[in-house]
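Next come the structures, one after another.
Both complexes below contain chain A, partnered by chain B and then by chain C.
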Partner chain A sequence: MAGPAYIADPPDAVRAVELDGLTALFHRPSGMTHILAAPAPQILAALAAKAGDAEAILARIGERFEIEAEDPAAAIAARLAELEAAGLVRRA
Partner chain B sequence: MKHRLDLRIGPVSFRIGSDWRSPLDALRRLYETYPEPDPVADFTVRLEAERVWRRWLRPSVAIRGDYVLPDAAPMALAHGLLAAEMGMNLQMALGQKRFLLLHAATVEKDGRALLMTGESGAGKSTLAALLGERGWRLMGDEFALLDLADGRLHPFPRAISLKNRAIALFDGVAPDRLGPLLADTPKGTIRHLRPGAEAIARMDEPAPPALILFPRYDPGFARAIRPVGAAEVFVRLTQASTNYVALGERGFAALAGLVAAIPARAIDYADTDMAAALVEELWDQ
Partner chain C sequence: MTMGDDVNEPGSEGFAPTRRVVLALGAAAASTVVTIRPALASTAGSVLNCEIPIPEPRSAGQYIDAAGNLVAPGTPGSFPPLGRPLKGEEVKKLLAGGPSPAGVDSQAAQAYANYIRRLQAGMSGFTCYASLQMPR
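Here is the complex of A and B:
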(Lines of atoms letter the chains of each structure in order from A and count residues from 1; the text may use other names and numbers.)
(Lines give C-alpha, C1' and ligand atoms only; values in the text may rest on other atoms or scores of the structure.)
Protein backbone atom coordinates (compact mmCIF):
# COMPACT_ATOMS: atom_id res chain seq x y z
CA MET A 1 0.00 0.00 0.00
CA ALA A 2 1.15 3.53 -0.72
CA GLY A 3 -1.38 5.59 1.19
CA PRO A 4 -4.73 6.97 0.10
CA ALA A 5 -5.77 7.56 -3.50
CA TYR A 6 -6.18 11.12 -4.75
CA ILE A 7 -7.65 12.83 -7.79
CA ALA A 8 -7.01 16.27 -9.31
CA ASP A 9 -9.19 18.51 -11.43
CA PRO A 10 -9.20 17.84 -15.19
CA PRO A 11 -6.44 19.46 -17.28
CA ASP A 12 -8.63 22.37 -18.40
CA ALA A 13 -9.11 23.45 -14.78
CA VAL A 14 -5.57 24.75 -14.57
CA ARG A 15 -3.35 27.04 -16.59
CA ALA A 16 0.36 26.53 -16.11
CA VAL A 17 3.43 28.52 -17.15
CA GLU A 18 7.03 27.35 -16.80
CA LEU A 19 9.25 29.92 -15.06
CA ASP A 20 12.92 28.98 -14.70
CA GLY A 21 12.25 25.35 -13.79
CA LEU A 22 9.32 26.20 -11.52
CA THR A 23 5.69 26.19 -12.56
CA ALA A 24 3.25 29.04 -11.99
CA LEU A 25 -0.19 27.50 -11.95
CA PHE A 26 -3.54 29.24 -12.02
CA HIS A 27 -6.25 27.02 -10.54
CA ARG A 28 -9.52 28.08 -12.18
CA PRO A 29 -11.99 26.57 -9.66
CA SER A 30 -10.44 28.48 -6.74
CA GLY A 31 -8.96 31.46 -8.63
CA MET A 32 -5.72 30.89 -6.74
CA THR A 33 -2.18 31.02 -8.07
CA HIS A 34 0.41 28.45 -6.96
CA ILE A 35 4.15 28.20 -7.57
CA LEU A 36 5.12 24.54 -7.82
CA ALA A 37 8.44 22.73 -7.93
CA ALA A 38 8.91 19.30 -9.52
CA PRO A 39 7.51 16.73 -9.08
CA ALA A 40 4.29 18.52 -8.02
CA PRO A 41 3.23 19.56 -11.57
CA GLN A 42 3.95 16.03 -12.82
CA ILE A 43 1.85 14.57 -10.00
CA LEU A 44 -1.04 16.92 -10.82
CA ALA A 45 -0.88 15.95 -14.49
CA ALA A 46 -0.84 12.25 -13.58
CA LEU A 47 -3.93 12.71 -11.38
CA ALA A 48 -5.91 14.96 -13.74
CA ALA A 49 -9.40 13.41 -13.67
CA LYS A 50 -7.73 10.05 -12.96
CA ALA A 51 -7.49 8.79 -9.38
CA GLY A 52 -4.42 7.05 -8.05
CA ASP A 53 -2.25 6.47 -4.99
CA ALA A 54 1.47 7.18 -4.70
CA GLU A 55 2.45 3.86 -6.29
CA ALA A 56 0.09 4.44 -9.21
CA ILE A 57 1.46 7.95 -9.72
CA LEU A 58 5.00 6.62 -9.66
CA ALA A 59 4.04 4.11 -12.34
CA ARG A 60 2.44 6.87 -14.45
CA ILE A 61 5.25 9.42 -14.27
CA GLY A 62 8.26 7.16 -13.62
CA GLU A 63 8.89 6.51 -17.29
CA ARG A 64 9.31 10.17 -18.19
CA PHE A 65 10.44 11.67 -14.93
CA GLU A 66 13.05 10.57 -12.43
CA ILE A 67 12.24 11.13 -8.75
CA GLU A 68 15.45 11.74 -6.86
CA ALA A 69 14.64 10.15 -3.53
CA GLU A 70 15.57 6.99 -1.64
CA ASP A 71 11.91 6.04 -1.41
CA PRO A 72 10.16 7.65 -4.40
CA ALA A 73 6.68 6.50 -3.34
CA ALA A 74 7.14 8.08 0.10
CA ALA A 75 8.37 11.31 -1.52
CA ILE A 76 5.27 11.37 -3.72
CA ALA A 77 3.03 10.71 -0.71
CA ALA A 78 4.59 13.71 1.04
CA ARG A 79 3.98 15.93 -2.02
CA LEU A 80 0.38 14.63 -2.20
CA ALA A 81 -0.26 15.78 1.36
CA GLU A 82 1.05 19.26 0.43
CA LEU A 83 -1.07 19.38 -2.71
CA GLU A 84 -4.12 18.33 -0.69
CA ALA A 85 -3.48 21.14 1.82
CA ALA A 86 -3.18 23.59 -1.12
CA GLY A 87 -6.53 22.41 -2.49
CA LEU A 88 -5.07 21.07 -5.73
CA VAL A 89 -5.86 17.38 -5.14
CA ARG A 90 -8.55 15.69 -3.08
CA ARG A 91 -9.15 12.17 -1.77
CA ALA A 92 -10.66 9.96 -4.43
CA MET B 1 -20.01 69.23 -4.05
CA LYS B 2 -18.97 72.82 -3.57
CA HIS B 3 -15.79 72.69 -5.68
CA ARG B 4 -14.86 70.41 -8.54
CA LEU B 5 -11.91 69.60 -10.76
CA ASP B 6 -11.67 67.07 -13.59
CA LEU B 7 -8.29 65.58 -14.48
CA ARG B 8 -7.08 63.05 -17.01
CA ILE B 9 -3.82 61.21 -16.41
CA GLY B 10 -2.94 58.78 -19.19
CA PRO B 11 -5.94 56.51 -19.81
CA VAL B 12 -7.67 57.37 -16.52
CA SER B 13 -10.03 60.27 -15.79
CA PHE B 14 -10.81 61.54 -12.32
CA ARG B 15 -13.46 63.83 -10.95
CA ILE B 16 -12.36 65.42 -7.71
CA GLY B 17 -14.88 67.17 -5.53
CA SER B 18 -14.02 69.10 -2.40
CA ASP B 19 -15.72 70.97 0.42
CA TRP B 20 -12.85 73.49 0.22
CA ARG B 21 -11.34 75.47 -2.61
CA SER B 22 -7.67 75.38 -1.53
CA PRO B 23 -6.78 71.71 -2.25
CA LEU B 24 -8.29 71.98 -5.75
CA ASP B 25 -6.48 75.26 -6.44
CA ALA B 26 -3.18 73.56 -5.57
CA LEU B 27 -4.09 70.56 -7.71
CA ARG B 28 -5.16 72.78 -10.63
CA ARG B 29 -1.80 74.58 -10.57
CA LEU B 30 0.11 71.30 -10.44
CA TYR B 31 -1.80 69.82 -13.40
CA GLU B 32 -2.38 72.99 -15.43
CA THR B 33 -0.40 71.76 -18.46
CA TYR B 34 -2.28 68.44 -18.69
CA PRO B 35 -4.68 67.90 -21.61
CA GLU B 36 -8.42 68.44 -21.41
CA PRO B 37 -10.15 65.79 -19.29
CA ASP B 38 -12.72 63.34 -20.62
CA PRO B 39 -16.34 64.31 -19.99
CA VAL B 40 -16.97 61.03 -18.17
CA ALA B 41 -14.76 60.22 -15.19
CA ASP B 42 -13.53 56.71 -14.41
CA PHE B 43 -13.21 57.51 -10.72
CA THR B 44 -14.57 60.04 -8.29
CA VAL B 45 -12.63 61.35 -5.31
CA ARG B 46 -14.31 63.44 -2.63
CA LEU B 47 -12.56 65.50 -0.01
CA GLU B 48 -15.15 66.01 2.65
CA ALA B 49 -15.37 67.62 6.02
CA GLU B 50 -15.39 64.85 8.56
CA ARG B 51 -18.27 66.61 10.33
CA VAL B 52 -20.16 69.58 8.93
CA TRP B 53 -18.71 72.04 11.45
CA ARG B 54 -15.18 70.76 10.73
CA ARG B 55 -15.40 72.53 7.38
CA TRP B 56 -14.43 75.70 9.30
CA LEU B 57 -13.24 74.64 12.72
CA ARG B 58 -9.79 72.95 12.64
CA PRO B 59 -10.67 71.73 9.14
CA SER B 60 -10.03 68.03 8.68
CA VAL B 61 -10.21 66.30 5.30
CA ALA B 62 -11.73 62.85 4.93
CA ILE B 63 -10.91 61.05 1.67
CA ARG B 64 -14.01 59.52 0.11
CA GLY B 65 -14.99 58.34 -3.35
CA ASP B 66 -16.18 55.34 -5.34
CA TYR B 67 -13.97 53.17 -3.14
CA VAL B 68 -13.32 53.93 0.51
CA LEU B 69 -10.92 52.61 3.12
CA PRO B 70 -13.01 52.53 6.29
CA ASP B 71 -10.10 53.24 8.63
CA ALA B 72 -8.33 55.95 6.57
CA ALA B 73 -7.41 58.72 8.98
CA PRO B 74 -8.57 62.24 8.08
CA MET B 75 -5.87 64.77 7.22
CA ALA B 76 -5.27 68.43 7.98
CA LEU B 77 -6.63 70.85 5.39
CA ALA B 78 -3.09 72.18 4.87
CA HIS B 79 -2.33 68.76 3.42
CA GLY B 80 -5.42 68.77 1.19
CA LEU B 81 -3.32 68.40 -1.97
CA LEU B 82 -1.78 65.23 -0.56
CA ALA B 83 -5.25 64.01 0.41
CA ALA B 84 -6.41 64.50 -3.20
CA GLU B 85 -3.39 62.60 -4.53
CA MET B 86 -3.93 59.81 -2.00
CA GLY B 87 -7.60 59.70 -2.95
CA MET B 88 -6.69 59.22 -6.62
CA ASN B 89 -4.20 56.48 -5.67
CA LEU B 90 -6.86 54.75 -3.61
CA GLN B 91 -9.45 54.75 -6.41
CA MET B 92 -6.85 53.27 -8.77
CA ALA B 93 -5.63 50.67 -6.29
CA LEU B 94 -9.11 49.46 -5.39
CA GLY B 95 -11.07 50.07 -8.56
CA GLN B 96 -8.87 49.64 -11.61
CA LYS B 97 -10.07 46.68 -13.73
CA ARG B 98 -8.79 47.55 -17.22
CA PHE B 99 -5.12 47.02 -16.43
CA LEU B 100 -3.00 44.90 -14.14
CA LEU B 101 -1.87 47.53 -11.69
CA LEU B 102 1.67 47.22 -10.38
CA HIS B 103 3.02 49.39 -7.61
CA ALA B 104 6.02 50.35 -9.70
CA ALA B 105 7.73 53.23 -11.46
CA THR B 106 8.12 53.19 -15.24
CA VAL B 107 10.43 55.13 -17.54
CA GLU B 108 10.90 54.79 -21.30
CA LYS B 109 13.78 55.15 -23.71
CA ASP B 110 14.17 54.10 -27.36
CA GLY B 111 10.50 53.05 -27.41
CA ARG B 112 10.89 50.46 -24.63
CA ALA B 113 9.95 50.65 -20.98
CA LEU B 114 11.89 49.98 -17.78
CA LEU B 115 9.80 48.81 -14.84
CA MET B 116 11.12 49.42 -11.30
CA THR B 117 9.44 47.99 -8.26
CA GLY B 118 10.39 47.45 -4.66
CA GLU B 119 9.48 48.00 -1.06
CA SER B 120 8.34 51.43 0.01
CA GLY B 121 11.50 53.48 0.57
CA ALA B 122 13.47 51.61 -2.10
CA GLY B 123 13.72 54.91 -3.95
CA LYS B 124 11.98 53.89 -7.16
CA SER B 125 9.91 57.05 -7.27
CA THR B 126 12.93 59.33 -6.79
CA LEU B 127 14.97 57.32 -9.27
CA ALA B 128 12.22 57.49 -11.90
CA ALA B 129 11.88 61.24 -11.38
CA LEU B 130 15.64 61.68 -11.70
CA LEU B 131 15.80 59.60 -14.89
CA GLY B 132 12.90 61.71 -16.17
CA GLU B 133 15.21 64.75 -15.90
CA ARG B 134 18.08 62.90 -17.62
CA GLY B 135 16.78 61.95 -21.04
CA TRP B 136 14.26 59.25 -20.15
CA ARG B 137 10.51 59.67 -20.53
CA LEU B 138 8.80 59.34 -17.17
CA MET B 139 5.73 57.12 -17.58
CA GLY B 140 4.79 57.01 -13.91
CA ASP B 141 6.37 56.98 -10.46
CA GLU B 142 3.65 55.14 -8.57
CA PHE B 143 1.59 52.78 -10.73
CA ALA B 144 2.49 50.82 -13.84
CA LEU B 145 -0.53 49.87 -15.95
CA LEU B 146 0.02 46.55 -17.73
CA ASP B 147 -2.29 46.08 -20.70
CA LEU B 148 -4.17 42.80 -20.25
CA ALA B 149 -4.46 42.24 -24.00
CA ASP B 150 -1.07 43.14 -25.48
CA GLY B 151 1.32 43.33 -22.50
CA ARG B 152 2.35 46.94 -23.10
CA LEU B 153 2.75 49.42 -20.26
CA HIS B 154 0.56 52.51 -20.30
CA PRO B 155 1.77 55.83 -18.91
CA PHE B 156 0.19 57.22 -15.77
CA PRO B 157 2.34 60.32 -15.25
CA ARG B 158 0.88 61.67 -12.07
CA ALA B 159 2.64 64.40 -10.17
CA ILE B 160 5.56 62.77 -8.36
CA SER B 161 5.47 63.00 -4.60
CA LEU B 162 9.03 63.78 -3.53
CA LYS B 163 9.67 62.88 0.05
CA ASN B 164 12.09 64.33 2.61
CA ARG B 165 15.71 64.28 1.34
CA ALA B 166 14.63 63.62 -2.27
CA ILE B 167 13.11 67.11 -2.44
CA ALA B 168 16.51 68.85 -2.58
CA LEU B 169 17.54 66.78 -5.63
CA PHE B 170 15.03 68.74 -7.72
CA ASP B 171 15.88 72.28 -6.60
CA GLY B 172 16.97 73.09 -10.16
CA VAL B 173 13.67 72.41 -11.95
CA ALA B 174 11.38 75.23 -13.10
CA PRO B 175 9.56 76.53 -9.99
CA ASP B 176 6.15 76.28 -11.67
CA ARG B 177 6.60 72.47 -11.76
CA LEU B 178 6.74 72.24 -7.97
CA GLY B 179 3.80 72.14 -5.58
CA PRO B 180 3.78 73.66 -2.10
CA LEU B 181 6.12 72.24 0.54
CA LEU B 182 3.94 70.07 2.81
CA ALA B 183 5.59 69.64 6.20
CA ASP B 184 4.66 67.15 8.94
CA THR B 185 2.49 64.92 6.78
CA PRO B 186 2.06 61.25 7.79
CA LYS B 187 4.94 60.54 5.36
CA GLY B 188 7.19 63.39 6.48
CA THR B 189 7.84 66.43 4.30
CA ILE B 190 6.40 66.14 0.80
CA ARG B 191 6.62 68.27 -2.30
CA HIS B 192 4.91 67.36 -5.58
CA LEU B 193 6.76 67.62 -8.88
CA ARG B 194 4.96 67.90 -12.20
CA PRO B 195 6.61 65.53 -14.73
CA GLY B 196 8.49 67.11 -17.62
CA ALA B 197 6.70 68.36 -20.74
CA GLU B 198 7.53 65.23 -22.77
CA ALA B 199 5.99 62.92 -20.14
CA ILE B 200 2.73 64.86 -20.37
CA ALA B 201 2.73 65.32 -24.16
CA ARG B 202 3.24 61.57 -24.69
CA MET B 203 0.96 60.30 -21.92
CA ASP B 204 -1.25 58.43 -24.40
CA GLU B 205 1.70 56.50 -25.81
CA PRO B 206 2.23 53.02 -24.29
CA ALA B 207 5.53 51.12 -24.59
CA PRO B 208 6.48 47.44 -24.48
CA PRO B 209 8.47 46.50 -21.36
CA ALA B 210 12.14 45.57 -21.83
CA LEU B 211 13.63 45.28 -18.33
CA ILE B 212 12.41 44.80 -14.74
CA LEU B 213 14.50 46.17 -11.86
CA PHE B 214 14.14 45.65 -8.13
CA PRO B 215 16.11 48.55 -6.63
CA ARG B 216 17.14 48.59 -2.96
CA TYR B 217 18.47 51.72 -1.34
CA ASP B 218 20.60 52.07 1.76
CA PRO B 219 23.30 54.71 2.27
CA GLY B 220 25.61 51.90 3.45
CA PHE B 221 25.11 49.61 0.43
CA ALA B 222 27.92 48.70 -1.94
CA ARG B 223 26.94 48.82 -5.59
CA ALA B 224 25.53 45.42 -6.62
CA ILE B 225 23.63 43.77 -9.49
CA ARG B 226 21.99 40.34 -9.05
CA PRO B 227 19.90 38.23 -11.40
CA VAL B 228 16.40 37.36 -10.13
CA GLY B 229 14.75 34.07 -11.11
CA ALA B 230 11.52 34.23 -13.08
CA ALA B 231 9.43 32.52 -10.38
CA GLU B 232 10.67 35.02 -7.78
CA VAL B 233 9.91 37.90 -10.14
CA PHE B 234 6.42 36.49 -10.63
CA VAL B 235 5.75 36.22 -6.89
CA ARG B 236 7.19 39.67 -6.14
CA LEU B 237 5.06 41.26 -8.86
CA THR B 238 1.89 39.58 -7.57
CA GLN B 239 2.74 41.17 -4.22
CA ALA B 240 3.35 44.53 -5.92
CA SER B 241 -0.04 44.39 -7.64
CA THR B 242 -3.13 45.86 -6.03
CA ASN B 243 -5.60 44.05 -8.29
CA TYR B 244 -3.91 40.76 -9.28
CA VAL B 245 -6.39 38.62 -7.32
CA ALA B 246 -9.42 40.60 -8.51
CA LEU B 247 -8.47 40.14 -12.17
CA GLY B 248 -8.32 36.34 -11.85
CA GLU B 249 -7.00 34.44 -14.85
CA ARG B 250 -6.60 37.60 -16.98
CA GLY B 251 -4.15 38.93 -14.40
CA PHE B 252 -2.30 35.61 -14.28
CA ALA B 253 -1.95 35.51 -18.06
CA ALA B 254 -0.74 39.11 -18.30
CA LEU B 255 1.78 38.73 -15.49
CA ALA B 256 3.07 35.34 -16.64
CA GLY B 257 3.53 36.78 -20.14
CA LEU B 258 5.50 39.73 -18.76
CA VAL B 259 7.73 37.63 -16.53
CA ALA B 260 8.46 34.96 -19.14
CA ALA B 261 9.53 37.52 -21.73
CA ILE B 262 11.40 40.22 -19.78
CA PRO B 263 14.75 39.94 -17.95
CA ALA B 264 14.95 41.08 -14.32
CA ARG B 265 17.75 42.27 -12.03
CA ALA B 266 17.99 43.39 -8.42
CA ILE B 267 20.22 46.39 -7.79
CA ASP B 268 21.64 47.78 -4.55
CA TYR B 269 22.65 51.41 -4.43
CA ALA B 270 23.84 53.98 -1.93
CA ASP B 271 22.80 57.19 -3.71
CA THR B 272 20.70 58.21 -6.68
CA ASP B 273 23.66 58.97 -8.97
CA MET B 274 24.93 55.43 -8.40
CA ALA B 275 21.45 54.11 -9.17
CA ALA B 276 21.13 56.15 -12.35
CA ALA B 277 24.55 54.87 -13.53
CA LEU B 278 23.49 51.27 -12.76
CA VAL B 279 20.29 51.73 -14.76
CA GLU B 280 22.13 53.13 -17.78
CA GLU B 281 24.68 50.29 -17.62
CA LEU B 282 21.99 47.57 -17.46
CA TRP B 283 19.93 49.25 -20.17
CA ASP B 284 22.86 49.24 -22.57
CA GLN B 285 23.48 45.49 -22.10
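Here is the complex of A and C:
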Protein backbone atom coordinates (compact mmCIF):
# COMPACT_ATOMS: atom_id res chain seq x y z
CA MET A 1 0.00 0.00 0.00
CA ALA A 2 2.89 2.30 0.74
CA GLY A 3 4.19 2.54 -2.81
CA PRO A 4 7.65 3.75 -3.84
CA ALA A 5 9.87 5.82 -1.58
CA TYR A 6 10.71 9.38 -2.55
CA ILE A 7 13.24 11.93 -1.41
CA ALA A 8 13.49 15.71 -1.79
CA ASP A 9 16.52 17.94 -1.81
CA PRO A 10 17.76 19.22 1.58
CA PRO A 11 16.29 22.48 2.90
CA ASP A 12 19.31 24.52 1.81
CA ALA A 13 18.63 23.56 -1.82
CA VAL A 14 15.41 25.52 -1.82
CA ARG A 15 14.31 28.98 -0.82
CA ALA A 16 10.69 29.10 0.28
CA VAL A 17 8.54 32.11 0.98
CA GLU A 18 5.04 31.80 2.32
CA LEU A 19 2.55 34.05 0.58
CA ASP A 20 -0.92 34.18 2.04
CA GLY A 21 -1.49 30.45 2.13
CA LEU A 22 0.62 29.64 -0.91
CA THR A 23 4.35 28.97 -0.93
CA ALA A 24 6.69 30.34 -3.57
CA LEU A 25 9.60 27.97 -3.77
CA PHE A 26 12.86 28.51 -5.63
CA HIS A 27 14.63 25.22 -6.33
CA ARG A 28 18.31 26.06 -6.60
CA PRO A 29 19.50 22.91 -8.41
CA SER A 30 17.10 23.48 -11.31
CA GLY A 31 16.82 27.25 -11.12
CA MET A 32 13.06 26.85 -11.33
CA THR A 33 10.41 28.57 -9.25
CA HIS A 34 7.18 26.88 -8.26
CA ILE A 35 4.04 28.00 -6.50
CA LEU A 36 2.87 25.35 -4.08
CA ALA A 37 -0.39 24.88 -2.25
CA ALA A 38 -0.80 22.73 0.85
CA PRO A 39 0.00 19.95 1.35
CA ALA A 40 2.87 20.11 -1.18
CA PRO A 41 5.22 22.20 1.03
CA GLN A 42 4.55 19.92 3.97
CA ILE A 43 5.35 16.85 1.87
CA LEU A 44 8.59 18.45 0.70
CA ALA A 45 9.51 19.26 4.29
CA ALA A 46 8.76 15.69 5.30
CA LEU A 47 11.02 14.36 2.55
CA ALA A 48 13.85 16.89 2.75
CA ALA A 49 17.02 14.78 2.55
CA LYS A 50 15.03 11.95 4.18
CA ALA A 51 13.50 9.29 1.97
CA GLY A 52 10.08 7.95 2.74
CA ASP A 53 7.07 6.26 1.19
CA ALA A 54 3.47 7.49 1.45
CA GLU A 55 3.03 5.85 4.84
CA ALA A 56 6.17 7.47 6.26
CA ILE A 57 5.15 10.84 4.85
CA LEU A 58 1.74 10.60 6.50
CA ALA A 59 3.39 9.67 9.79
CA ARG A 60 5.83 12.59 9.62
CA ILE A 61 3.16 15.12 8.66
CA GLY A 62 0.85 13.66 11.29
CA GLU A 63 3.34 14.68 13.98
CA ARG A 64 2.54 18.29 13.24
CA PHE A 65 -0.88 18.37 11.63
CA GLU A 66 -4.29 16.85 11.94
CA ILE A 67 -4.61 15.18 8.57
CA GLU A 68 -7.91 15.53 6.80
CA ALA A 69 -8.56 13.40 3.74
CA GLU A 70 -11.02 10.81 2.53
CA ASP A 71 -8.23 8.61 1.25
CA PRO A 72 -4.90 9.88 2.64
CA ALA A 73 -2.75 7.36 0.77
CA ALA A 74 -4.32 8.19 -2.61
CA ALA A 75 -4.05 11.93 -1.96
CA ILE A 76 -0.37 11.65 -1.00
CA ALA A 77 0.33 9.51 -4.06
CA ALA A 78 -1.29 12.14 -6.29
CA ARG A 79 0.71 14.94 -4.67
CA LEU A 80 3.93 12.93 -5.03
CA ALA A 81 3.26 12.42 -8.73
CA GLU A 82 2.91 16.18 -9.16
CA LEU A 83 6.03 16.92 -7.18
CA GLU A 84 7.97 14.33 -9.15
CA ALA A 85 6.80 15.81 -12.44
CA ALA A 86 7.92 19.24 -11.22
CA GLY A 87 11.34 17.83 -10.33
CA LEU A 88 10.98 18.57 -6.63
CA VAL A 89 11.06 14.97 -5.44
CA ARG A 90 12.65 11.90 -6.96
CA ARG A 91 12.40 8.21 -6.30
CA ALA A 92 14.77 7.20 -3.58
CA MET B 1 16.67 28.73 6.04
CA THR B 2 17.04 32.29 7.03
CA MET B 3 13.65 33.70 6.35
CA GLY B 4 10.68 33.72 8.64
CA ASP B 5 12.44 34.77 11.81
CA ASP B 6 9.97 37.55 12.37
CA VAL B 7 6.93 35.69 11.15
CA ASN B 8 4.69 33.68 13.43
CA GLU B 9 2.06 32.44 11.06
CA PRO B 10 1.38 28.73 11.06
CA GLY B 11 3.29 27.00 8.33
CA SER B 12 6.18 29.42 8.10
CA GLU B 13 9.79 28.59 8.86
CA GLY B 14 10.12 24.93 8.03
CA PHE B 15 6.37 24.60 7.78
CA ALA B 16 6.15 23.83 11.48
CA PRO B 17 3.22 25.50 13.16
CA THR B 18 3.32 26.07 16.87
CA ARG B 19 -0.11 24.48 17.30
CA ARG B 20 -1.57 21.51 15.53
CA VAL B 21 -3.54 22.70 12.59
CA VAL B 22 -5.71 20.79 10.20
CA LEU B 23 -4.03 19.93 6.93
CA ALA B 24 -6.37 18.92 4.13
CA LEU B 25 -4.62 16.62 1.69
CA GLY B 26 -7.06 17.43 -1.09
CA ALA B 27 -8.72 15.29 -3.66
CA ALA B 28 -6.60 13.08 -5.87
CA ALA B 29 -7.54 15.21 -8.87
CA ALA B 30 -6.64 18.56 -7.31
CA SER B 31 -3.42 20.24 -8.36
CA THR B 32 -1.02 21.79 -5.85
CA VAL B 33 2.06 22.61 -7.91
CA VAL B 34 2.41 25.31 -10.56
CA THR B 35 5.79 25.86 -12.14
CA ILE B 36 6.65 29.37 -13.22
CA ARG B 37 7.98 29.55 -16.71
CA PRO B 38 11.51 30.94 -16.73
CA ALA B 39 12.99 32.74 -19.70
CA LEU B 40 14.49 29.56 -21.09
CA ALA B 41 11.29 28.59 -22.79
CA SER B 42 11.23 27.87 -26.46
CA THR B 43 8.48 26.55 -28.64
CA ALA B 44 6.95 23.18 -27.92
CA GLY B 45 8.42 21.82 -31.14
CA SER B 46 11.99 22.72 -30.33
CA VAL B 47 11.63 21.48 -26.75
CA LEU B 48 10.76 18.03 -27.94
CA ASN B 49 13.72 18.04 -30.31
CA CYS B 50 16.33 19.23 -27.83
CA GLU B 51 18.84 16.68 -26.61
CA ILE B 52 20.39 15.64 -23.31
CA PRO B 53 23.75 13.83 -23.44
CA ILE B 54 24.24 11.23 -20.70
CA PRO B 55 26.60 12.10 -19.26
CA GLU B 56 27.58 15.54 -20.49
CA PRO B 57 30.61 15.57 -22.80
CA ARG B 58 33.07 16.83 -20.19
CA SER B 59 32.29 13.74 -18.09
CA ALA B 60 32.54 11.38 -21.06
CA GLY B 61 33.27 7.80 -20.09
CA GLN B 62 31.93 8.04 -16.56
CA TYR B 63 29.21 5.63 -15.49
CA ILE B 64 25.92 6.57 -13.84
CA ASP B 65 24.80 4.93 -10.62
CA ALA B 66 21.18 4.18 -9.74
CA ALA B 67 20.78 7.52 -7.98
CA GLY B 68 22.02 9.40 -11.04
CA ASN B 69 25.51 10.22 -9.76
CA LEU B 70 28.57 10.02 -11.99
CA VAL B 71 30.90 7.24 -10.85
CA ALA B 72 34.06 5.58 -12.11
CA PRO B 73 33.63 3.21 -15.05
CA GLY B 74 32.81 -0.32 -13.93
CA THR B 75 31.49 0.66 -10.49
CA PRO B 76 29.18 -2.16 -9.35
CA GLY B 77 25.53 -1.28 -9.78
CA SER B 78 26.24 1.53 -12.20
CA PHE B 79 25.39 1.84 -15.85
CA PRO B 80 27.57 2.76 -18.83
CA PRO B 81 27.07 6.08 -20.60
CA LEU B 82 24.28 6.10 -23.10
CA GLY B 83 25.81 6.02 -26.56
CA ARG B 84 23.52 8.71 -27.89
CA PRO B 85 21.90 11.79 -26.44
CA LEU B 86 18.26 11.41 -25.45
CA LYS B 87 15.72 13.49 -27.36
CA GLY B 88 13.43 15.81 -25.42
CA GLU B 89 10.44 13.69 -26.33
CA GLU B 90 12.11 10.55 -24.94
CA VAL B 91 13.17 12.36 -21.77
CA LYS B 92 9.67 13.66 -21.24
CA LYS B 93 8.22 10.16 -21.44
CA LEU B 94 10.99 8.74 -19.29
CA LEU B 95 10.52 11.31 -16.51
CA ALA B 96 6.79 10.79 -16.61
CA GLY B 97 7.35 7.12 -15.76
CA GLY B 98 6.69 5.97 -19.31
CA PRO B 99 8.49 3.20 -21.19
CA SER B 100 12.28 3.24 -21.41
CA PRO B 101 13.83 4.75 -24.53
CA ALA B 102 14.49 2.26 -27.33
CA GLY B 103 17.39 -0.04 -26.54
CA VAL B 104 17.71 0.99 -22.88
CA ASP B 105 16.87 -1.45 -20.10
CA SER B 106 14.54 -0.21 -17.40
CA GLN B 107 17.08 -0.06 -14.56
CA ALA B 108 19.53 1.90 -16.66
CA ALA B 109 16.71 4.16 -17.79
CA GLN B 110 15.85 4.93 -14.17
CA ALA B 111 19.49 5.79 -13.46
CA TYR B 112 19.57 8.07 -16.51
CA ALA B 113 16.30 9.68 -15.39
CA ASN B 114 17.84 10.41 -11.99
CA TYR B 115 20.92 11.84 -13.69
CA ILE B 116 18.70 14.16 -15.72
CA ARG B 117 16.79 15.25 -12.62
CA ARG B 118 20.09 16.27 -11.05
CA LEU B 119 21.21 18.43 -13.94
CA GLN B 120 22.03 21.94 -12.83
CA ALA B 121 22.31 25.26 -14.60
CA GLY B 122 25.45 25.32 -16.70
CA MET B 123 25.51 21.59 -17.36
CA SER B 124 24.98 20.29 -20.85
CA GLY B 125 21.34 19.34 -21.28
CA PHE B 126 20.06 21.51 -18.44
CA THR B 127 18.24 23.96 -20.67
CA CYS B 128 16.53 21.10 -22.43
CA TYR B 129 15.52 19.54 -19.12
CA ALA B 130 14.25 22.84 -17.73
CA SER B 131 12.26 23.48 -20.87
CA LEU B 132 10.63 20.08 -20.61
CA GLN B 133 9.38 20.99 -17.14
CA MET B 134 7.34 23.87 -18.49
CA PRO B 135 3.65 23.45 -18.20
CA ARG B 136 1.96 23.83 -21.54
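Everything that follows uses one rule, which is that the second predicted complex is superposed on the first by the 92 of 92 C-alpha atoms of A that agree within 3 Å, B and C clash if a C-alpha of one lies under 4 Å from a C-alpha of the other, contacts with A are read in each partner's own complex, and residues count from 1 in each chain.
The criterion applied here is as follows: contacts are C-beta pairs under 8 Å (C-beta built on N, C-alpha and C of every residue); 3 or more make two chains touch, one makes a residue touch a chain.
As the structure is a computational prediction, the values presented were derived from the model and not from experiment.
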Quiz item: Fit or clash for chain B plus chain C once both are placed on chain A?
Solution: fit
Quiz item: After superposition on the shared chain, which partner residues are touched by A:39: those of chain B (first), chain C (second), both, or neither?
Solution: second
Quiz item: Could you give the angle made at the Cα centre of chain A by the lines to the Cα centres of chain B and chain C, to the nearest 10°?
Solution: 70
Quiz item: According to the contact criterion defined above, which of chain B and chain C contacts more residues of chain A?
Solution: C
Quiz item: So, A:31: does it touch chain B (first), chain C (second), both, or neither?
Solution: both
Exercise. Look at A:51 in the shared chain and tell me whether it touches chain B only, chain C only, both, or neither; answer first, second, both or neither.
Key: neither
Practice problem: Please work out whether A:19 is in contact with chain B alone, chain C alone, both, or neither, and reply first, second, both or neither. | Solution: first
Exercise. Would you sort A:5 into first (chain B), second (chain C), both or neither based on which partner it touches?
Key: neither
Quiz item: Least CA distance chain B-chain C after superposition, rounded to whole Å?
Solution: 5
Exercise. Could you give the residue numbers on chain A that contact chain B in one complex and chain C in the other?
Key: 15, 17-18, 31, 33, 35
Quiz prompt | Complex interface listing, chain A residues touching chain C | solution = 11-12, 15-18, 23, 29-42, 45, 61, 64-72, 74-79, 82-83, 85-88, 90-91
Quiz item: Can you list the residues on chain B that touch chain A in the complex?
Solution: 229-231, 233-235, 238, 244-245, 248-249, 252-253, 256, 259-260
Quiz item: Inside the complex, what are the residues of chain A that reach chain B?
Solution: 15, 17-22, 24, 26, 28, 31, 33, 35
Quiz prompt | Complex contact set, residues of chain C against chain A | solution = 1, 3-4, 7, 9, 11-12, 14-17, 20-36, 38, 68, 95-96, 110, 114, 117-121, 126, 129-130, 133
